[in-house]
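The next part holds the structures, each set out as structure tokens.
Below are two complexes that have subunit A in common, paired first with subunit B and then with subunit C.
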Partner chain A sequence: MSDLPKARIATASLAGCFGCHMAILDIDERLIELMKLVEVDRSPLTDIKRFTKRCDIGIIEGGCCNEENVHVLRDFRRHCDVLIAIGQCAIMGGLPAMRNAIMHSDDPLRECLEEAYISGKYIRNTTHSIPNDPALPLLLDEVYPCSEVVEIDYNIPGCAPTGDVIYDTLSGLLTGRFHGFEREEIRFD
Partner chain B sequence: MDEGLPACEVPLVSDAEIMAVCEGYGNDPHRMLDILRDLQDRFRCISPQILTVVAKQTGSTRVAVEGVATFYSFLSLTPKGRVTIRLCDDIVDRFSGLAEVTEAFETELGIKLGHTSRDGAFSLDYTPCIGLCDQAPAAMINDIVVTNLTVEKVRGIMAALKSGKSPEALISERFGELKPHERATRMVDNNIRHAGPVLLGPVPEDAGLRKALDLAPADIVDAVEASGLRGCGGAGFVTGRKWRFAAQEPAERRFIFCNADEGEPGTFKDRVLLTERPHLLIEGMTIAAKAVGAKEGVLYLRGEYVYLRELLQSVIEERRERGLLGPAILGVEGFDFDLRIQMGAGAYICGEEGALISSCEGLPGEPKTRPPFPVTKGYLGFPTVVNNVETFCNVARILDRGAEWFHALGAGGSHGTKLFSVSGDCLNPGVYELAYGMTMRDFLSLVGGEEAAAVQVGGPSGTMIARDSFHRRLSFDDLTTGGAITIFGPERNILEIVEYYISFFVHESCGYCTPCRVGNVFLQRAIGKFRKGLANPKDIEYLKDLSATIIETSRCGLGTTSPRPILETMENFPLVYSALAKPSKDRIRATFDIQAAIDDARKLAKRRSYIFDRDFGQ
Partner chain C sequence: MAQSRLIEISPVTRVEGHGKVTIHLNEKNEVDEARLHIVEFRGFERFIRGRLLWEVPVIVQRLCGICPVSHHIAAAKAMDMICGVDQLPPTAEKMRRLMHYGQVMQSHVLHFFHLAAPDLLFGFGAPAEKRNIFEVLKEQPELGRRAILMRKFGQEIIEATAGKKIHGTGAIPGGINRNLPIETRDRFLAQIDDMLEWSQEALALAKNYTVENAELVDAFASFPSNYMSIVREEDGALDLYHGAFRALKPNGEAIFDRLDYSKYYDVLIEDVRSWSYMKFPFIREMGPDTGWYRVGPLARMNTASFIDTPLANAARDELMAVTQGRPNNSILANHWARMIEVVHCVETIRDLLHDPDLQGTDLKATGERREEGIGVIEAPRGNLIHHYKVDENDQVTYCNLIVSTTHNNEGMNRAVKDVAVKHLSGHVDITEGMLNHIEVAVRAYDPCLSCATHALGQMPLQVELFDAENRLVASRSQSA
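Up next is the complex of A and B:
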């Protein structure tokens, strides 16, 4: 196993809570086994901000809620052979996509931001304005799952997925033994 | 251009006026659709006040009344114009210049489609197929219809209406003096191109009914079954068997319903029967009543055919006077039967028999769970026979000429003749009565459609065939149809047709089953991708998967047939799909439009994107 060239992995968290990245660390001491097979390129785990080389696997947490998410996701698609969406936000939009429910409005985005920053019952915003720093990426009209923006090769379901299913999937893919999930692994009830 | 108002002023009415209308229908909640239609005609909308008063008056709840009022597209919670213009938005109308006609109406009225003018004088809307594809583009103006519209004609119509003439005056200055039949034929051409021996040829008056008088009910059922008659609405269930089930069911009351809600785009054969053979139809219903022991009947007339109501009502009254309806028909003690007309209000789904019954019960037109079937538990829980207009007409003829005569016509397992409504790219659109079993090629040369590249048989829920299938035969054993034959020439875009049909189902889904309500929207979007050239090969699989889900998990015929325009064209025109599905090179989805997605935020933040706007720095 060790004589194979190491695979390169990149990860990113888009509109997610970072919980899926925490779950990646949840594979515990097996991380040592995994690191024998991979090198981590661009990732919040390594704090590398740009791709240094083409990668074998890209792992995406979170869906797309703003233009920067789209930009990063497209960048991952261009630089990775296999792209994995991890967790419900990446797969379906998840919790952030709740704002997509504001649909019977002429201006849903404004309605959403006003409630979040100005008119909401428990808001204490002394500036009484919606943040609009030029450095803030523009929001999208709604939250999109990753598969609507680029083609996704694999989805690892869960919120967040367990360390076990993440480890099994990754090690399976790296050794060419991945043939889908065990039913028990992705049962949540 | 005046945008018009989404809601002009709600007219003030006294509660007493509303109550009087309800009392006119005996405050019967089962007559809810009639009550609401009546109120809509009088007050141009079902206002909140009307909802409350009607609920109180009929012992119903406000939410139930609102459920009915919002279900039917001819009822409106906001005021409609005193003159409501509904343009028929069928694919055949689109191919016959609907866009220009719409533009002409918009210009003349100074309002956009979907709006009501500020003074409350006019509304302009689209409505799905109104059964006039053989004289498209067509429109309803209040209760009358105008056909073969052109820009010139629209200008003439609008000049007349604006000068204060009534819509009726468009048809004839002396409209009031015309007989109901003449009124109908002045508005709409029958376009009978080929009369057959059963329905459109010479028909003796009430000969079938008189012969049925001497027969025992069981013998009538036997004769109908022996004739091989199958339902002419599209499903083709054996009529005699349906009657037998209804007759066998022990019950205090039984009902005979006529389904005159032909809403399948491209179908208009019942329109011609209702105009030219109304006596034959009611004769058939009366025979059915004797056969199954029913005393009451309903003729469910689609809202789009409201221009025929007066004609049918006059026929019913004439028959009552002549002792052909009512108690002791033709002097036979115990043979009682009478019927009423139930107007629909613009809902395709009400052509489904369960939905039709729901609609007559004063409910939203939602299908019922089957079983129990209507023949055992139908209207108000009593056995109900629901048959198509053409089926009842056939029955009357079978009783007159005998089961053997009818059985000998046709081919294979399809007996008798069939009415075909032909429209689209052919020389002679109209209604043809032909024996079953003709090949499509012969049929096309008969109607002057030899150039056809595709033929939609049986409307959107039927099948679409290409030239390589023109040897197939029109019968229950091969190409089945409720009557619609829509012909498309080589210059037509197949996917435009498919997209139209799917949009039609999106509009007409009653919304009860999620796979149908939501799934059809997804199908519509996916076809849109193909039309824009943004589809990839996986989308073909996606269409198949989603279609299978919708078909498997919907409870009525709408959901189980709505994906057919896609599945049928995929099978018969595979190159159309494969030519348009291209794999993306960089695996980035071309369907995601980042510029559209950030446009709201750009306006809200009043700045440009530093990633996606190239001239950000300027």
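Up next is the complex of A and C:
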């Protein structure tokens, strides 16, 4: 086993809460065995910032809420053979997508920004403007699920999926024995 | 279709990451300005309006998957107040405390071992490929295994009290929805001695690091500031779940003490600045220049009068002796403070597990309905404030959140500037070493950008250097 070249995995957190990455760590002791089969390339869990090689598996948490998210997601599609969306945010937009539809509002994003920076009662805003420095990436008009931006190979639902489900997915893909899940093995909450 | 619209609204740039540092130089290549920008925005305060009050503690935790329990409990405390409940049944309060201390333990262990330990074990200058938990597992398998098992213990406590390790549903307005079965309790008690031993080992590691590198620690982005946390109302003890505000000046003198937290807006206000989505809170009467303050584990060591568990209290005494009892300003001493809190969490969890109230069946209280509720706790990274108004249809009409990392915004920016001035002024090139120093300064605050802006837990930092004509002269990026 140890003679085989190790598989390479990369992960990214886009517009997510990092809970799906915590779920990856909930693999717990099994990580020790898993690490004998894989190497981790770029990921917020490592200090590797850009792809160093082509990867076998890319794991995406979160959807796209700004231009950077889109850029990172496309970069993952280009560099990964298999792309997995984990969690409701990546699959459907999740909590961040709640800003897409605010009742009786034509411009939900503007309303969110105004609530946070202009009309809040306990803030001091001497310029009466919304943060707009060129250092800040452009927000998208809506939060988009990953599948609307690139092609996704597998969707693993849950908010967050359990460490068990993530472990079974990874070990299944790595050994070529992944056949998906039965309905009762998956939770959507 | 959606894709082409995306291209149109978002010209993709080479910028990456969620946190960004920009440094501006003047004609003499001296640092004019150095800023930490927070580049993500969610809008939670607006889109939560209209949701039902019982949903809020469940939804709001999706802001942060690293400390979801903090948001879950702070929101539940605010909803308790709206439901007119000032005193929870003992079983409910103790189950919530168990959940909270379990989470602080797992979060601190995560920060120390998964993020900081690679620096401490391999050195700041180790190659980037080496600085991660997976390498720790390879090179120090026993230490790595213990780190995993300690975090797992905290996560399983959360699962037992909230139903899931991430984003559970334990706390409900006015109480809790379950108690702790004896078998579960016994499963945890069987592990508690190991946890106590390992947490003390981790404490020794963090303490020795701070003491052995005293010179570096003292000089590194250390500057005086005010400190704030909640402390236990009766006696000023450290209490992560409930208490009243205490804020101290750099000399240890009180700015306010045992102040009712439901009046937070009388003493705190947030500044909006155009270059960051994260606001800058300060103490109203002191103004933004001198009224900024810091929160977090070290702030709590500074503000608390003592700790009510013996091992942690003795460890705090040792830490405070370094500064003769006055507030400690060394941001790198945060690791030490964090590990004292891990010992405190394990001691508290042990005491709670021995308390028969956890098997009680009185889980929920009711009271006379109010319009407004404020819940404040000490989250792993510091003070956390949730504020809601709810109408007669149970729908949220107003929401304001001040999260731990936001409280520290000014402190982090000053640390970045301090490091930039000391290590960069007079140079045109950004070296790897300088970048690492900025990273270490930011990381010492354990910034949770998931909470602050609901972006990444650890942020890839990008550093950009501008000359006097505002031209970009250099840019480097690396994960923080």
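Couple of notes before you dig in:
Quick note on the criterion: the second predicted complex is superposed on the first by the 169 of 189 C-alpha atoms of A that agree within 3 Å, B and C clash if a C-alpha of one lies under 4 Å from a C-alpha of the other, contacts with A are read in each partner's own complex, and residues count from 1 in each chain.
Quick note on the criterion: a residue touches a chain if its C-beta (ideal position, glycine included) is under 8 Å from a C-beta of that chain, and two chains touch if they have at least 3 such contacts.
Source: prediction; values computed, not measured.
Touch criterion met: A:R78 reaches subunit B, while subunit C stays clear of it. Of the two partners, subunit B and subunit C, it is C that touches more residues of subunit A. When the two structures are aligned on the shared chain, A:L45 is found in touch with subunit C, with no touch to subunit B. Residue contacts after overlaying the shared chain place A:A15 against subunit C, while subunit B stays out of touching range. Once chain A of one complex is fitted onto chain A of the other, the partner contacts of A:E67 extend to both subunit B and subunit C. In the superposed model, A:E151 makes contact with subunit B only, not with subunit C.
Residue contacts after overlaying the shared chain place A:E111 against subunit C, while subunit B stays out of touching range. For the contact definition in use here, the residues of subunit A common to its subunit B contact set and its subunit C contact set are 66-68, 70-71, 74, 108-109, 113, 132, 136-141, 144, 148-149. For subunit A in complex with subunit B, the touching residues are 66-68, 70-71, 74, 77-78, 107-110, 113, 130, 132, 134, 136-142, 144, 148-151.
Contacts from subunit A toward subunit C in the complex involve residues 13, 15-23, 25-26, 28-29, 31-32, 35, 40, 44-49, 52, 64-68, 70-72, 74, 94-96, 98-99, 102-103, 108-109, 111-117, 120-127, 129, 131-133, 135-141, 144, 148-149, 159-160, 162-163, 189.
The touching residues of subunit C, counted against subunit A in their complex, run 2-3, 5-6, 9-13, 15-18, 20, 22, 35, 37, 39-43, 45-50, 59, 62-66, 68, 110, 114, 118, 128-129, 131-134, 137-138, 141, 144-145, 148-149, 151-152, 155, 164-167, 265, 268-277, 279, 288, 400, 450, 454-460, 464, 477-479.
Remark: subunit B residues 584, 586-589, 591-592, 594, 596-602, 604-607, 609-612 touch subunit A in the complex.
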